[in-house]
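Same chain, two partners: chain A is paired with chain B first, then with chain C.
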Partner chain A sequence: MIAIKNKYTEAFEKLKKSENSAEAHALKRFQKMGIPNRKSEVYKYSNLKHFKNLTPSTEGRIPHKLPEYFTHQYLLDKHLLVTVNGVFAESLSSYEGDEDGIHISCMCDARKEFRDIVESHYNETSTEYPDAFSEMNTAFAQCGIFIYATKNAQAKKPIVMLHLGYNQPKDSLTCQRNLIVLEQNSEVELIEDYVNIDKEEAFNINHFSEYFIKQDARLKVNIYQEDSNQVHFIGNKFFELGKGSNLKVTTLNFQGEFIRNNFRVNLNGEHGEATLNGIFINGDKDHTDSRILIKHNAPNCESFQTFKGILDDQSTGVFNGKVFVAEGAQKTNAFQSNKNILLSEEATINTKPELEIYADDVKCSHGATCGQLDENAIFYAQTRGIPREKAKKLIVFAFAQEVIQDIDNELFKNFMERRLVHNLDLAEYSTHGSVQSGIKE
Partner chain B sequence: MSKDDIILEEATSGEYKYGFTTNIEQDIAEIGLNEDVVRFISAKKNEPQWLLDYRLKAFAIWQKMDEPNWAHVKYSKPDFQRISYYASSKEKKKLNSLDEADPELLRTYEKLGIPIEEQKMLAGVAVDFVMDSESVFTSFKKQLAEVGIIFMSISEAVQEHPELVKKFMGTVIPPRDNFYAALNSAVFSDGSFVYIPKGVRCPMELSTYFRINAENTGQFERTLIIAEEDSYVSYLEGCTAPQRDENQLHAAIVELIAMDRAEIKYSTVQNWYPGDKNGKGGIFNFVTKRGLCQGVSSKISWTQVETGSAVTWKYPSCILKGDHSIGEFYSVAVTNNYQQADTGTKMIHIGKNTRSRIVSKGISAGHSENSYRGLVQINKTAENAYNFSQCDSMLMGETCGAHTFPYLEIKNKTAKVEHEATTSKIGEDQLFYCNQRGLGDEEAVHLIVNGFCKEVFKELPMEFAVEAQKLLEISLEGSVG
Partner chain C sequence: MLKIENLKASIDNKEILKGLNLEVKPGEIHAIMGPNGTGKSTLANVITGRDVYEISDGSIQFTNEDLLELDPDERARLGIFLAFQYPVEIPGVTTTNFMKAAINERRRHQDKEPMKASEFLKMMKEKMKLVDIDQKFMSRSLNEGFSGGEKKRNEIFQMAMLEPKLAILDETDSGLDIDALKIVSNGVNQLRNKDNAFIIITHYQRLLDYIVPDFVHVMYDGRIVKSGDKELAKELEAKGYDWIKEEQAV
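And then the complex of A and B:
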């Protein structure tokens, strides 16, 4: 225990923060909690042993030279924001700031230019349920991305946030921190993508984003994680929703050695609506853990969760979704569904859909299922001349489609479909054709 | 106050009807818990050395354990040094008929509205009364003995059938299982022992009425039921307790073992004192119940109607070890005033083609908290396992809570697991429909609540089903809004 404390304290000293800074306090809180073990209910099914050996990175700079890297082409007209090892890399990004009333900058600049906004929002979401990783992130946060949509602003193009990992020292952990604030009646669409361009070392990320969606504002977030190189990801994404606001999050995980997504949504004003969809396809020894907490703090709000998992080889999956309805949050409508398919003898799924309800006039339901592919369906496809292996994949494709179909952005949806076709090797049955895994940007 | 609120108010103010105390001289162990108390209990019951060793070992384990706090309940933890761990009625003469029984006892039963003769005649129920910790009355023993069934208190069984008790006790719930199981293993007082031999179908429903009687006396019942190959037994457990102001602790253990093709049906109606309407007093019910489907095609079915206790912490479980074995759990849990219940089940699938079914209905009113917590675990070896779970909650009023915490852990791809849960209140349209047809609000609510619980009630044996409905009405009296 002492050794661990020293490691973090030593790293923190390099940051040269004063003892009274918010960062120093966060560090203290983190050290008190330590890296959670499996006795903690919140991390019951995820083994964090790997993270115990990591030291938070304090580099704060982007590498001089990046190798040529490949990334997925979205065929989109977009604002592109790139971070390298958690730090916003303006030189690699291409965006038009302020044009649509959307301000984009790095966190460090935002602290000066938008001091009031940052001060009144930054780290405001982390106090409700203290989490070791969000505290660690606050202490060691790199200079991430700040997005501010002014009142009535509408982003014409989606904003793509491409998070790269490269040349991290061995056993280091990148603490990435973003802040996104949408003022009244504004609208933004985000696509977040994580890529490790380092073939040698694993990309370890402790990601923490806070999203504030004010009255009548609308936010869409598409999160896409697919990487054949090693990625160990812990992500906390906390959303605060105002009156009449709307949030839609879609998570697509096609590969990843260790992925934990922790979504927390607070519906603080009446008539707010939150939709969280997700799908993961795991192979090898992949582990994907999705934890969702939706808090209905105000009446007349709606929330929907649809999460699907496909597990092959020795992979494991976790779904832990919770709907919390506070006292007085009447006329709540909450729905939660989790469906899983196990394709191999060795795969494991742990699912825990929870309801915690303190108001009586509500409609809340959840469902969870786990099964295997339907033999009848496979047989049906076989009788029509589709080989058995392909038939199985076609059924998996159909299973995954429910989540992908629900993506609003047509171009991104098509891209996802093509990725799915590619991953399942179904090109010959697709009208889209397949996309190669790396197209040079 | 709207009409609904008034009905609610009335409903929630229904006082516990069964609160009274019977004065029978008690033989009470010194208050507090240490090794000597364990030895005292063992000596008092004239137990063999192996059982004393078992108790002492459990006590050592318990001392190293911490009280669990993961359940969704809040209460001030009992002071284990302020409880007396042994209380038994002093008079111990054997009874041949009810006439010889203590009239005081008989009066107690009368107040409970369970005329024993009538029950005897009507239902052919053998009743094994457990007045506090020791059984004072066992009936129908002879009839059962004719078919080879052993039905007696566990302390008698220790004397008469030590080999059976020694072989099976603690095999399903070992002392280290949890805090309260360890405590029970160390200080268990008495309980029922049932052994159904090979091929025997128990000719009647076996039944035990538990009552908690002495003040400051924790009850540590221990029940063990063994069903040999091809046998069948249905066991009923029912509880009411007198009114007390101080919280009383009840930490029982129930172990069921079903061999090849055997079936055990275990039904509970629990109506212990839930505390008054301000949340004062009431029983702490921390029970460990588990059944082992040891044999091929064996079946264990739990049915429970929980209306009492201030705090309930109870998960009747099934370990489906034998191939083709079946586990079932049917539950109605009603909480009112400041009651808290965290209850559910665990279905552990180990054998091939095992099936389980969970139906849980929770009703919360007043300021109560009602949680379903369940685990369905499909292990690697459990080919073609199937589970279906349904958890419905009904909320009455704005100040109560209903929660669902299901855990599904699946390690076999051939498993089929389905879980669904809903939470809602009684619809105004439903009430209106009933009103239209001439039913008052209260009747309408009873009708709707009974319909809500019907799926579980129909699993109860006849006599119990009637009692359960009555209890439900009392619990939510005038009230169910």
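And then the complex of A and C:
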């Protein structure tokens, strides 16, 4: 116990923060909690042993040169924000700092230039349900990304946040931290992309983003991670929604070794709407765990969750989606669906949709399914001359498509469709008419 | 073309086909009628290779191949097509992509390149016209939310696209309105030629006014118990199946 505490304390000393700083307090809270073990209800199905051996990285160094990296140039017209091992890399990014009323900078600059905004929002979301990883993140946060949309601002281009892992020591954990604030009636679209430059290297991330979506503001977030053999990812993404605001999050995880996503959404004002969609494709011993809590704190709000999993080999998946309807949150409409396809007998999924309701005039529905592929559908395709294995893939592809097709950004959607084709080894069927120019691979 | 001899098939140890014989030659249209539950769909499924049935005896030859040795998709690529009594919904797969996969799979096995997009579209248009099906169905999920009649029409569209040597239509007429019935029959008649053949499973003589069969067979209790020409269908329509059942009971 002492040894563990020392590891974090030692690392923290390198940051030279005062004893009374918010970071120091967060460290204390984290150390009290420690890395959750199997007994923790919240991390019951995700073994965190790997994280016990890691030390938060305190190096803010950014490499000057990166290996050539072109794979994700899928959107031509964009603001590109690159972080390397959690640190905002100005030199690798290309964006206009103050276009369309959208301010973009690193967190360190924001603390000076947008002091009031940062102070009144930073770490405000983490007090309600303390989480060991969000506390650790607060203590060790690297200088991440700050996005601030002023009142009525409309981002004309999507903002792509490319989070790169590069040359990380095997036993270090990157604490990546972002703050995104959308003022009244503003609109922003984000794409968050996680890439380990050398797939065989360690890629350990403790990610924490806070999103504030004020009255009538609209935020879209597309989160994408693919094929990082060594990825061990814990992501806390907390959203605070104001009156009449709108949030849509789509999460795409393809073949990640260990992914844990915690999404928390607070619908704090009337007529707020939150949509959370997600899909993962797992093979080998991949593990993907999604935990979602949507709180309807105000009346007349709507929330929609559609999460899907495709599991092969010995992979595992967890879905825990909870809708909480507070007292007085009448006319709530909450929909939740979790569907999974198991392609192998050894794959497992734990799914637990939950409802906790303290209002009487609400409409809530939830459902979960997991099963093998529909034999009738496979046979039907076979009678058209499609071999059994391909028929299966076609059906799985279609299963995943429901989530992909709901992505609003056409270019990103088409790119995802092609990643899906790739991940399901469906290349010969990829002659979709919908593949457009403007995408480079 | 197709030769079925003494075919016996069962499911869960229950024998459904009990020694069935049928021969179909190129250019012919065979109608199969018979009471509910006598094994008509089972026959169609066994010919196309559904693997839930156990074949305990008999043989199926198709263009000199032993069908029972082949997977359903291999049979399909030999030119066998089944228009399902209950077409399956496949969420997320559009009819267009489904057909593209089917056609290109066939071509792949013939060592041909995938069909060019323009050529494929042209073919789609042509066949859509043949069965008078609207473009909007092509980009919708296969059969999902289609009405009964729309599903059947989509089956005939797929048949037209794949140009099978032997097409089995399992109650394609059930659930069709008069206009749709004419369109579907018209489609069949236009596709019909001296080299292909049809097996049409139906409960209604009405369809056979539009698609005139060369043979009408009555199936009862897992066997073909009576065969004749189109007049037999009229007789059945008028008299029902009791007289057949009585004949069999003797």
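Definition applied: the second predicted complex is superposed on the first by the 423 of 441 C-alpha atoms of A that agree within 3 Å, B and C clash if a C-alpha of one lies under 4 Å from a C-alpha of the other, contacts with A are read in each partner's own complex, and residues count from 1 in each chain.
Quick note on the criterion: a residue touches a chain if its C-beta (ideal position, glycine included) is under 8 Å from a C-beta of that chain, and two chains touch if they have at least 3 such contacts.
Just so you know, these numbers come straight off a predicted model, no measurement behind them.
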Clash or fit: how do chain B and chain C relate after the overlay on chain A?
fit
Touch check for A:I386: first (chain B), second (chain C), both, or neither?
second
Which of the two partners, first being chain B and second being chain C, lies in contact with A:L343: first, second, both, or neither?
first
For A:C370, using the defined touch cut-off, is the partner it touches chain B, chain C, both, or neither? Pick first, second, both or neither.
first
So, does A:P353 touch the first partner chain B, the second partner chain C, both, or neither?
first
Answer with first, second, both or neither: which of chain B and chain C does A:I395 touch in the superposed model?
second
After superposition on chain A, the shortest CA separation from chain B to chain C (Å):
15
Chain A positions within both the chain B interface and the chain C interface are none
Could you please specify the touching residues of chain C with respect to chain A in the complex?
48-50, 71-73, 75-77, 80-82, 84, 87-93, 97-102, 104-106, 108, 114, 117, 141, 158, 162
Can you list the chain A residues touching chain B in their complex?
41, 327-328, 330, 340, 342-345, 347-372
Going by the contact rule set out above, which residues of chain A touch chain C in the complex?
374, 376-377, 379-388, 390-391, 394-395, 397-402, 405, 428-429, 431-433
Which stretch or stretches of chain B touch chain A in the complex?
70, 72, 378, 380, 393, 395-425
